[in-house]
Amino acid sequence: MPIVEIHMMEGRPVEVKARLVEEVTRAVADTLNVKPEQVRIILHEMDPHHYAIGGTLWADRG
Amino acid sequence: MPIVEIHMMEGRPVEVKARLVEEVTRAVADTLNVKPEQVRIILHEMDPHHYAIGGTLWADRG
Amino acid sequence: MPIVEIHMMEGRPVEVKARLVEEVTRAVADTLNVKPEQVRIILHEMDPHHYAIGGTLWADRG
Amino acid sequence: MPIVEIHMMEGRPVEVKARLVEEVTRAVADTLNVKPEQVRIILHEMDPHHYAIGGTLWADRG
Amino acid sequence: MPIVEIHMMEGRPVEVKARLVEEVTRAVADTLNVKPEQVRIILHEMDPHHYAIGGTLWADRG
Amino acid sequence: MPIVEIHMMEGRPVEVKARLVEEVTRAVADTLNVKPEQVRIILHEMDPHHYAIGGTLWADRG
């Protein structure tokens, strides 16, 4: 505890994911006053055909 | 807000997914009285080996 | 299958929730070509202090 | 109802997943006093680059 | 890892929840060959007005 | 997009939650190179009887 889930578009390089989990862990640990080791993060990558806003698939939005 | 997640078996064509998000967005927007643009939908596709009912994997159910 | 989760602000009356699940079930069943009885829906109601856009809690947005 | 989601590292063989859902269904059905057929399980497999503890990706932890 | 989420109807006594997490942890640890301490479980309790099958709220099903 | 879910123990004051969403939004926006307004965060607060590690409820761990 805490456990973080991040839903994001697929396609970012691993280095970006590594920085993302590092920065989000720091933000969570600092504000909730827990040790970084207590913070777990799950990344859910999404295909542009699996996300929609306003009834239109992300892949079909200009 | 609102954010909808739909867990479904993999394998449907993109056209079906496009109609799905369109119809679900309309249903949510109409009943919750929000604008369609406020509705976000995430589709989680599942492999038949990653879903089970009654202790049996979907892939193994006749 | 399919299983739908809807994250929404708290406070709507039960009648609205009843219409929501009815309409969303119809939309999912019709487009994915499954029986309505196969569709399960979970509603996650949120306190305005538990949702944020752009780094600001919903409760604090004008 | 109940609906179980299991987030786990990718790579286990199907036989292990079959035993997993069988055993978890039994544990849930027995303790919650419901029929096994009422228990649904979704497996979310994760790439080691999509899980982090303490700000470090699982793939990068020794 | 692994992380388990269990969506269940509200109202069970704490003793039942304690046995549930104990049994599910054993099932997961044994079949996935991980230590019990590695298994985390989140229980999501639901109000009968927040779950639906076939377009009808659980609370309204006879 | 992106959408973040944070599962955390209940009981923190609103000010802590406000700082949490502000800092996590900054971390996500900076590393994924998106605008803060694109980042949505859902907080899931948990009762100590609804989280377990190693088969023991958080409430029962010394």
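As written, the chain order gives the labels A, B, C, D, E and F, with residue 1 at the start of each chain.
We take it that a contact is a pair of C-beta atoms (placed from the backbone, for glycine too) under 8 Å apart; a residue touches a chain by one contact, two chains touch by 3 or more.
Chain by chain, the UniProt names read as follows: A, B, C, D, E, F = Tautomerase.
Small disclaimer: the values here were computed from a predicted structure and weren't measured.
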**Asked** Both chain C and chain F are touched by which chains?
**Response** B, E
**Item:** Candidate from A-D, A-E or A-F with the same interface as C-F, over half of contact pairs in common
**Value:** A-D
**Complete:** Distance in whole angstrom between the CA centres of chain B and chain D is 20
**Message:** Using mean CA coordinates as chain centres, what's the gap between chain D and chain E in Å?
**Reply:** 12
**Fill in**
Each of the following residues of chain A touches two or more other chains, namely 1, 3, 7, 26, 40, 42, 46, 51
**Complete:** Inter-chain touches occur between A-B, A-D, A-E, A-F, B-C, B-D, B-F, C-D, C-E, C-F, D-E, E-F
**Item:** chain E to chain D touching residues, read off their complex
**Value:** 1-9, 12, 16, 19-20, 23-24, 26-28, 30-32, 46, 51, 58
**Complete:** In the complex, chain E touches chain C at residues 7, 46, 49-57, 59-60
**Request:** Flag every residue of chain B that touches chain F in the complex, lowest number first.
**Result:** 1, 3, 40, 42
**Complete:** So, in the complex, the side of chain F touching chain C is made of residues 14, 17-18, 21-22, 25-26, 35-45
